[in-house]
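The two complexes that follow have chain A in common; it is paired with chain B in the first and with chain C in the second.
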Partner chain A sequence: MKITEDIKISDNGFVFNSRTGDSFNLNPFALELMKNIEAEKSFDQIKTEVMEKYDIDDLSFEKDFYEFCALLKHHQIVLQDNPLDFK
Partner chain B sequence: MTKLVYEKPVISKITAGIPSKFGLPTRQKFIPDIDGIPVEKIMEEYGSPVFVLSEKTMRNTFAQAKQAFETRYPKVQFAWSYKTNYLNAVCSIFHDQGAWAEVVSAFEFQKALSLGVNGSNILFNGPEKSEEDLKLAIEHNACIHIDHFDELYLLIKVTRELDKKARVAIRINLDAGIYPIWDRFGFNYENGEAWNAINRIMLAEKLDLIGLHTHIGTYIMSANAYAAAASKLANLYMATHRKFDYWLKYIDLGGGFASKNTLKGAYMPGTETCPSFDEYAEAISNALISSEIPHENLPVLFLETGRALIDDAGYLLTTVLANKRSTTGRRTMVIDAGVNLLFTSFWYNLGVYPTRQLSSHLEESTIYGPLCMNIDVIRDAINFPQVKTGEKLVIERVGAYNMTQWMQFITFRPNVVMIDLEGKMHIVRKKENLDTLTSLEQNPKR
Partner chain C sequence: MNKQKITLAVTGLNNTDNPGAGVPFIRGIKESEAFDARIIGLVYENLEPGIYMENLCDRIFQIPYPSSGSDELIERIENIHQQEHIDVLIPNLDAELFSFMKNEGRLRSRGIQTFLPNLKQFQEREKDKLPEFGKKYDIKVPGSINMSTLGQIKDLEDKYNYPVMIKGQFYDAYVAHNEEQAKQAFHTIASKWGFPVIAQEFVKGTEVNVIALGDGKGNTIAAVPMRKQYITDKGKAWGGITLADEKMMELTRSIISKTKWKGGMELELIKTNGGEYYLIEINPRVPAWVYLAVGAGQNIPEALVKLALGMDVQAMTKYKIGKMFVRYSYDAIVDLEKFAAISMNKEI
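Let's turn to the complex of A and B:
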């Protein structure tokens, strides 16, 4: 999952998509996740870090993470993974 | 090292449009307890969902209404509208406060009698009164509010057969300057139908005409409409006196006072726009006192308000079952209380609140009930914080109509709990079970 080049993220959680003109707000934890996604960390890596830092179980985080990713995709903030990649 | 508090990641699209004149609330309202009892504790004990009624709120609201009218008009009598909420525990409180019973069916009539209400303190309204119902009402000396000419002639026949007098009033529909005009009940004022009915009743040997009744509508947000209605009834009251040299006993302005709920489509919240009891009382009392009626012959003013007296006292406690995203990315939430329990959700934007301070980050959401039916929507659009499954929520102002218009559909109806003045909880209607329902069924043998 990769954030598209058109996306600009400010330090206070404001997101702007220069291609569509849409803008978004992130809550602080969503901002932290975006930074991790931007850094191209894997889900397992992010999960480990989050569970060390926050009071959350793995299943709840997994559910929230994938819901968040689906929204990022919906808003055209992240690129869809290669659909021909069946690995 | 203690871990940080987790908050679900949220991204919200910024949409341009007309800014809300109210801005965003600085704090999300939450309801941690009802009359001092934590919501969590009530649900632990009585399950989820569960209706909760506050006796304290009921009595306080009644006292406010009573004070508003009694300080402005010399003779006032409330009659509790059974159809609004006819749970025995609820009716008993209003009767204890001095209210008569206002019923619209033989079932409600019998319920009032079973609660010890004297038959002569029952106002029998409604378009559906069978011959048996009329006999029951006559035997108990109730005030029968006649709805149409067929009922009037049936009543004349029944009183002749019984050789007993019936105490009657007529229901009158009229133009009070509001829309819609409720003309399906009673006799019309403007076209002279009501006056004809009065004349016919005055000629009937066995009918004692004692009152005039109207009920101009429901959730009436204009107190002035009541003033218009009261003036028209005062005219008929005086006309009856002039022609028959007879003073009627009462004028009944019915109910229809708005509660503080917000109607769907309303721009301003109901808490800001609905008239207070004082405003209704001021309009009605002024109209009657400034009419032609001499002060010494002023009629008793009957009021049958139901909704405004009990809506605030009722809560529905519910639990979040699931969080979902629609195909448009919209947040949706499923709770365990559906429209089968919340008939009023069809016309109100009911207030749904968490029981504790959650994230200040709100997202526009749709709240669905648990029924496997597309119509089961509790709120189309509400700004709500992120909540986990199992989170307890409180739906407020559900005391009126929901516990009478509810439907046994797909699942059982839940416990109804009342919190008394000492803060003790009582089940006032038990949760249904399979036996409750199947005991009424018969399966033919094949």
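Let's turn to the complex of A and C:
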């Protein structure tokens, strides 16, 4: 899963898709996740870091993360050739 | 750099909720590094807001509607020319283009330059000929039927599923979700704009637009793609943002190259969720959002005037992505004398 080159992410959480003209507001945690995805960290690496930092269980994180990724894909923010590829 | 002094006549000062491109066009020219232009505003109505905007036009003249006859319109232009020595005339309204194109030679012989598409280019892109245009130039367009009787609504039901777009030949478009709505739209449009009424297949997706300028030899001199962010109930952009969309740019260059388009244009496209582009309309002049292109780095008004004057113009290929325009309304306080002058003398 890769953030497309058309996406610009500001430090305050404003996301702009220069190809579609869409813009989105991220909350601080979504921004943190996006920065991790942008850095091409693996799913396991992101999960470990998040679970160390926040009080969240394994299953809840996975469910929320997949939902977030599906949203990113729906809005053409990320490219994902393989639907099972969340790495 | 010494600026060239010119006298430029511009129409379309109707900066209303259905705005013409005259005012933003003049703003572009005022920012030009090449021209020091004396601006002659040409208006049809005495309440066109551009008449009353400060520091916009040096002179204003009222001209007769083209519907009262091309000769009357051109004679009035010639009359104004005797006083003002117009170098370039830029018409910005669809309804007047035909008259100015037809009289391009006559105007040129008087010393008035224009830069307009030729009649063939103008006519082949008309809404009722869009399927043929798509076929000829290998461009995806929605299917459509030209209707001149109410009975043809049955034909459209055989061919397309609802919703369908019901459009006037020159202006107006309605989405019809059933037979009743299609009939209602047919009557509304036929009474306002005449026949044919066009029933167009509804393509689901996002509307995107490109403003472009062709040099008449197949070269794209300027092109900026935009997405409307705020649309009025008349379907007009009240806010928009420039896009980075290479497919839209390729499509624009291809259309200009194949048609050898001369002059300004606006492409109206629908981008489907599958990433396909359908051409729904070509407007044969610059749109009212032309100043966004200026703000994004392509001074299309300046380039258009240069082309009209026969000057060499380098193609502009870069523009700022993510530049936005936000339109607003503004109440100008006007003295009665100005209104009286345009109403009584037909000039200011």
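As a convention for this text, the second predicted complex is superposed on the first by the 81 of 87 C-alpha atoms of A that agree within 3 Å, B and C clash if a C-alpha of one lies under 4 Å from a C-alpha of the other, contacts with A are read in each partner's own complex, and residues count from 1 in each chain.
Here is the rule we go by: contacts are C-beta pairs under 8 Å (C-beta built on N, C-alpha and C of every residue); 3 or more make two chains touch, one makes a residue touch a chain.
In this text the structure is predicted, and so the values were computed from the model without any measurement.
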| item | value |
| --- | --- |
| Fit or clash - chain C, chain B, common chain A | fit |
| From chain A, separation angle of chain B and chain C (C-alpha centres, steps of 10 degrees) | 80 |
| Which superposed partner A:21 touches (first chain B, second chain C, both, neither) | second |
| Larger contact residue set on chain A - chain B or chain C | B |
| Contacts of A:30 with chain B and chain C, given as first, second, both or neither | first |
| Which of chain B and chain C A:6 touches, first, second, both or neither | second |
| Which of chain B and chain C A:74 touches, first, second, both or neither | first |
| Minimum C-alpha separation between chain B and chain C after superposing on chain A, in Å | 5 |
| Shared chain A contacts, counted only where both chain B and chain C touch the same residue | none |
| Of all residues in chain A, those that touch chain C in their complex | 6, 8, 16, 18-21 |
| Contact set on chain C toward chain A in their complex | 206, 208, 226-227, 229, 241, 243-245, 321-322 |
| Interface residues, chain B side, partner chain A - complex | 3-14, 323, 325, 328-329, 359, 361, 388 |
| Partner chain B, residues of chain A touching it in the complex | 15, 22-30, 33, 52-56, 60-61, 64-65, 67-68, 70-72, 74-75, 77 |
